[in-house]
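Chain nomenclature is as follows: A, B, C and D, assigned in order of appearance, with residue numbering initiated at 1 for each chain independently.
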Amino acid sequence: MKQKLCDTVDAAVADVPSGARIFFGGFGGAGFPNNLIQALDRQGASELTAITNNCGSGDGELGILFKHGRIRSVIASFPGPHARHFQDLYAAGKIALELVPQGILCERIRAAGAGIYGFYAAVGAGTPVADGREERVIGGRRTVFYEPLAAEFAFIKAWKADGLGNLIYRKTARNFNPLMAVAAKTTIVEVEEIVSVGSLDPEAVVTPFVFVHRIVQARGIHNVVKA
Amino acid sequence: MSSRPKLTREQVAARAALELRDGDCVNLGWGIPNLVSNFVPAGITVYFHSENGILGMGPRAQAGEEDYDVVDAMKVPVTVIPGASFFDQGTAHLMSRGGHLDLSMLGGLQVAENGDFANWKIPGAKGSGGIGGAMDIATGARRLIVCMEHETKEGAPKLVRRCTYPLTALACVKRVITDLSVVDVTPDGFLLREVAPGWIPQEVQQHTEARLIVRGEVPEIKLASR
Amino acid sequence: MKQKLCDTVDAAVADVPSGARIFFGGFGGAGFPNNLIQALDRQGASELTAITNNCGSGDGELGILFKHGRIRSVIASFPGPHARHFQDLYAAGKIALELVPQGILCERIRAAGAGIYGFYAAVGAGTPVADGREERVIGGRRTVFYEPLAAEFAFIKAWKADGLGNLIYRKTARNFNPLMAVAAKTTIVEVEEIVSVGSLDPEAVVTPFVFVHRIVQARGIHNVVKA
Amino acid sequence: MSSRPKLTREQVAARAALELRDGDCVNLGWGIPNLVSNFVPAGITVYFHSENGILGMGPRAQAGEEDYDVVDAMKVPVTVIPGASFFDQGTAHLMSRGGHLDLSMLGGLQVAENGDFANWKIPGAKGSGGIGGAMDIATGARRLIVCMEHETKEGAPKLVRRCTYPLTALACVKRVITDLSVVDVTPDGFLLREVAPGWIPQEVQQHTEARLIVRGEVPEIKLASR
């Protein structure tokens, strides 16, 4: 049987090489794999490509990786004005950025996991997002071609995992996490709690274990101090 | 020029709230739209959609009762109402892009008389900018209402003949609610539906680059009482 | 407030016009909207296009609609050797059939609901499914273009609905039902039980109510006699 | 020709079961593959995938304990094992088409020496035919093993130079397990790995249209003991 449980977040990210392409889950402060991100920072891999909705708040979330110059390229929907370290690097021309509409970001990630080689959507037609992209009129509507977005690693956060890697999420901490789980070669999840196999309701599982490769129970850095 | 004041942001939001119908599923974007949920008319229930995966978002969480796993698209801890559901961000945008929401309201930088819409980037502004969910929401909206100031702080018109800012989506806006007017996008251009109290159509036109079509009497904006 | 609850299955399908294009959920005997199907048969609309995985077993499931000549066109993955009435009509040249690979059928339906105007997949390349379709090599792989599949109505089966139309399904009776729910102009669901708004766990809802337009509690014709 | 019998369907399934590894997620198609779950080697756990939305499908339900909302792709009431999950058919095929399953086993009509595969339609057969999940599963399989008789009932070869039947998928088969042999698809063509007990490579070749590459001694098929 494949052993997926890792003892520490550091062990879980130990083999991430420089130059890796990584999904990072999380949105609006919820569902960020903050402990994995901190471990990756300690590990020191650099020249990373980050696929993420946004680029951190100050030193928080992805901020620390920008602060320490680990990331050279970003594919994101909304880097964010509070992503200070990212914005500094961007202003200095030290980082490449591809802006993707948020729902299209979701679909491009899902497509990579679903064996879809690209799709057309009306989103982005007539906007700078369409620059350099194929356009096609379908059903009378201007549409734009989007290719899938895969990654070598997904860093995600879930609420509970069983020992196999079946996952459930907590409320809006779900966000990008289940989508990213399906599209990475190696999906690494940090969870609040590990439960026994068979204790999750089969109908309530959001991410079936086939999409999960490493599981680590993380204690320490939460998204925010909860009330 | 009129000496009457423009509407406050809250008043614009209150007027926008009159667009809500009982049972509607509605996405509210950043800016003035974010205030609209404070003015839901009494006696109706509106199911607010948040692109991070909520349908049935309720008011902000009370101090001391925040759950930071229940946040809106602006990171604010919120509540949910009976009948709410949580789902992933892709499903949230399947709803928005797929035309499943009854109504979407977004803040805006420019709206053109053909319905083109710009709300995410001011040319020359510093920083990376960001798109967020606006393009999916605007493109897929069954009914998109833009709520914004009628002019920029510098006095530049925002209801324009052609957008000069990078677009959010083509020909998507149905109605614009500003601090001076309510304007519909029609095949003929902007149709002036309502003006701010004390304002007359000619005055509003002076603050507008695009031509405003006026048909008969243009009533004053009635504000929601609450 | 929109009133979605229908008193009877007959009321729920009363306005389906001849020539309508309809999704029918269900797979392997589970999750078929059998009571809605029977009501549609009583109602008498004809010249229908059915989008479905299969075409019934004898008189069961969709069988009755073929028996009575209600359907003129089928888009299906596996009509099935036991779909006797369909097979008779097909052999007699009285019915049009488009065969679609099952997972592609799912994706084409989902695309219609998701604002996706078409996609490429390797599935079907080099097979009769690709006949008449655009092919494109993407990332070194031969792929085929698939357009979305929308319908005017979805006939689906769920386990429980609340009064708003939030749905949960039971085990493998889920199958195509949540996919079809998102892609029809009017989604009609038959359920075993209607529960009060607020009694379904917000995290367990599979189909949020925004996708559901009519709800009817159906008693009578079950998929099979349960043990 | 050998006087030794060919393997039974159960024996083919038993041989195929030796391909299973502990913890594998596996889809089993119609025909001989459907029997494989009866021969899982002792001491390992395999998570069977069903395209109607199960990962972790267990044995058939006992008589009197059937739940007709828990069926496999052949409509048979089944059980689930600890760690199982239910999901929609689209997610089930995201798994298959997206390359997430460790192993897929399908029944076959023809396999070509370039790995092309036909399993859904016999030219001229009556009826509409049907594709089902086979194309998604075959196209997306990380490792596709075809389990079938070596020849048709009429004695026509099924391991062929080029498929003449409508294809299921291009260049997708990795291994074929038949009642006469185990054959791998390699860049050079079919490599004969094992032969049925009592058979020799030359005899198997006589039942095969495509050329079988033989490298050294070809061992006999060992059947799972259970």
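Convention: a residue touches a chain if its C-beta (ideal position, glycine included) is under 8 Å from a C-beta of that chain, and two chains touch if they have at least 3 such contacts.
Owing to the predicted nature of the structure, the values given are computational and were not obtained by experimental measurement.
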{"item": "B-C compared against C-D, more contacting pairs", "value": "C-D"}
{"item": "Interchain centroid distance [CA atoms averaged], chain B/chain C, Å", "value": "36"}
{"item": "Centre-of-Cα separation between chain D and chain C, whole angstrom", "value": "29"}
{"item": "Centroid spacing, where centroids are CA-atom means, of chain B and chain D in whole angstrom", "value": "56"}
{"item": "Chain centre separation in whole Å, for chain C relative to chain A (CA means)", "value": "33"}
{"item": "Shared-contact residues (touching 2 or more other chains) in chain B", "value": "86-87, 94, 97, 136, 139-140"}
{"item": "Sites on chain C at which at least two other chains make contact", "value": "107, 110, 114-115, 121-123, 170-171, 202-203"}
{"item": "Pairwise touch network: line, ring, star, complete, or other", "value": "other"}
{"item": "Pairs of chains in contact (touch as defined earlier), listed by label", "value": "A-B, A-C, A-D, B-C, C-D"}
{"item": "Residues of chain B that touch chain A when the two form their complex", "value": "50-54, 64-75, 86-90, 92-94, 96-97, 116, 121, 126-136, 139-140, 166-170"}
{"item": "Touching residues (chain side chain A, partner chain B) in the complex", "value": "27-31, 53-54, 76-81, 86-87, 90-91, 97, 99-104, 106-107, 109-110, 121-129, 142, 170-179, 206, 223-224, 226-227"}
{"item": "Complex interface listing, chain C residues touching chain B", "value": "1-2, 110, 113-115, 162, 164, 166, 182, 197-198, 200, 202-203, 205, 208-211"}
{"item": "Chain A-facing residues of chain D, complex", "value": "22-23, 25, 44-45, 47, 49, 55-56, 80, 82-87, 91, 94-95, 97-101, 136, 139-140"}
{"item": "Residues of chain C touching chain A in the complex", "value": "107, 111, 114-123, 138-139, 141, 143, 147, 168-171, 202-204"}
